[in-house]
Amino acid sequence: MSKRITNFDQSVEISDKATIGQGCHIGSRSRILGPAKIGNDVWLDTNVTIYGNVTVQDSTYIGSNCIIGYLRRQDLKQLIKDKSIENSVTGTTIIGKKCVIRPGSVIYVDSRMEDEVELGHNVILREEVSVGNRSLIGTNVVVDGNTTIGKGVSIQTGSYICKKSIIEDFVFLGPYCVLTNDRYVMRLEVELEGPTIKKGASIGGNSTIMPGVTIGEGSVVGAQAVVTENVADNSICVGIPARISKNVPASWKNLLEERYNKT
Amino acid sequence: MSKRITNFDQSVEISDKATIGQGCHIGSRSRILGPAKIGNDVWLDTNVTIYGNVTVQDSTYIGSNCIIGYLRRQDLKQLIKDKSIENSVTGTTIIGKKCVIRPGSVIYVDSRMEDEVELGHNVILREEVSVGNRSLIGTNVVVDGNTTIGKGVSIQTGSYICKKSIIEDFVFLGPYCVLTNDRYVMRLEVELEGPTIKKGASIGGNSTIMPGVTIGEGSVVGAQAVVTENVADNSICVGIPARISKNVPASWKNLLEERYNKT
Amino acid sequence: MSKRITNFDQSVEISDKATIGQGCHIGSRSRILGPAKIGNDVWLDTNVTIYGNVTVQDSTYIGSNCIIGYLRRQDLKQLIKDKSIENSVTGTTIIGKKCVIRPGSVIYVDSRMEDEVELGHNVILREEVSVGNRSLIGTNVVVDGNTTIGKGVSIQTGSYICKKSIIEDFVFLGPYCVLTNDRYVMRLEVELEGPTIKKGASIGGNSTIMPGVTIGEGSVVGAQAVVTENVADNSICVGIPARISKNVPASWKNLLEERYNKT
């Protein structure tokens, strides 16, 4: 059973406090710098960095140049003062089973993804982001902090999820959707308020969702719309600013939910 | 002729099956993991990975942290099961002569670029993408699979080319153009249908091109338009949804084609 | 005072011409390839490359996989011919004190940032870009060459600043703003002309600013607007094309300027 032996060369750096399961591949020059818990059959490619208290569960793939458990802003400042990674990294990060994290992605500390989540290239998940089972987050997507993403969600290439957003189960965001949270663009002191996209809603590509707006359950937003007000459940809305044009036809389904339940 | 000696240090990993020409620079920690054929005078910077059966022709530059011949989705799944790069990588990838591939770019297996193609930083070309002679693909552009890009094309920073797109010769796409292929945003079972941008068309920045739409030869689309229907040849169209406002003036030329033919 | 000793292992490559201050951390496999001047207490993480004549001042953090002093286009061509980094890199690059440059960012030669500038992940600053004190440039932002950015500016995630732009002090750009400089999308020979965003203006997310346009001091542009003409000082404009709807209310402030002056 030679496949069950964990494999790495001398260029790898592993903290004494880390534990590593069986059958892992730890690529050359990867660094596990703190008390990480790596499960069985995990594949870390080359030049991966894992900071602090990170759990990576069985059969997950982490591509080259990825960073897991990255430091939040104040911890970076601390690092520069202290020159100690160990003192600077606090919090815990959890990566579920059978996840795919493609090269160049960065997951901050205190984020958590459930099983079979799949990321594209250069995805950034800031601190305190959670991602549900089997969600897919495309290349170059940036998810800012304190955001919740449900299960079976599909976020296409290049979308931007601002701080304090809520994205429920089976939501579809087309490419380059932009969620925003500061209605007054730094001209009035207001609390940042991310959008809420309710269960099973679909947003067309290149749309902008304004701060604090709720998109109703099962609703559909057209491509390049600007949604400035709440959208009722099961509505189709289009335009700038977006207006409701009709209800979602009875024949439409949520393919993300259907496929999730089938497999 | 010391310049003609291929140069690398012990940190480099090269498969026995690879062949490497004269006068190459293989940067530290680069990895050539399969039966690659590297021509003469190729420059690979540091931490480049080349998977599988990749050809890189003479005098091409590949910047640091690039990945060439990257695994498609099902091959990644295979890799995690098998723990063998050799079994998981299938297909061939071809990079022409005198190409420039800037740091952080990733080119998937079964893609092919002709000579003197130039990529910005962090460009992602998915599987089965072809790019013609002397085309330029800007920083952060993502080209999804099964897409054809002609020669002399210029795709500016941050544009997104969806799966199954066709982009003919001398097309110009401004920054952050978004091509889409799913009209029903995962609410109806339809076949994905990418746009076709015909020879010499120019698309303004931040536009959205809807699924299956054809932009006619030599036509011009204004900035931030949403093109929902086919556009006739040599037309100017603007707005949301885009409407034809007039014909392209006789005095306008295609500078991409002119410059291509001149040099 | 062990903390004041500069620290690095054998995998680090440092040119004989470089000078390095006290208390630095030079991460594994980082490369300082020319006559760089590194101040005190600088943190370079792993796999950082510094080309040529680069100054990095005290207490700056440079994340993993960053490249500083990267080669402009013609220098890359030279590099491929000459096979000599030393001959190919010309010009100087200056990074101020207490800057934060997150992983994956690339700063070209002849750029300059003042003190306490903060960059997100994968930021690209092309050649001859200057950035003033304590400005913040978000993840995935690309700033093309010959661009000036003032002090106390905030550019949110994913925005694109084209060549020859001027962005004055305390400007706010929301996420995915696109500045453009070629009105004729490569169909007429015109000189590229970037926009000018005057002091304290705020631009909403996903907007497009057309070539040569000036946004007046203190003005506000709505989300996803297309600004085709100059905007007077202290105006609010919205829509496609953007029209002035009213003056900025007297109660609005510039929080970026206020916070800058307070601390």
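All chains are identified by letter, namely A, B and C, in their written order; residue positions are counted from 1 within each chain.
Assume a residue touches a chain if its C-beta (ideal position, glycine included) is under 8 Å from a C-beta of that chain, and two chains touch if they have at least 3 such contacts.
Please read all numbers here as calculations on a predicted model, not as lab measurements.
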Give a one-word verdict, same or different, on whether chain A and chain B use largely identical residue numbers at their interface, taking over half shared as same.
-> different
To the nearest 5 degrees, please report the angle of the rotation taking chain A's Cα atoms onto chain C.
-> 120
Cα centre of chain A to Cα centre of chain B, whole Å, reads 25
In chain C, residues with contacts to at least two other chains | 11, 29, 47, 65, 104, 122, 140, 158, 176, 206, 224, 240
Note which residues of chain C are touching chain B in the complex, please.
-> 11, 13, 29, 31, 47, 49, 65, 67, 70, 73, 76, 79-80, 83, 104, 106, 122, 124, 140, 142, 144, 158, 160, 162, 176, 178, 180, 182, 184-189, 206, 208, 210, 224, 226, 240
Seen from chain B, its contact residues with chain C in the complex are 3, 7, 11, 23, 25, 28-29, 41, 43, 46-47, 59, 61, 64-65, 98, 100, 103-104, 120-122, 139-140, 154, 157-158, 172, 174-176, 202-206, 220, 223-224, 239-240, 248, 251-256
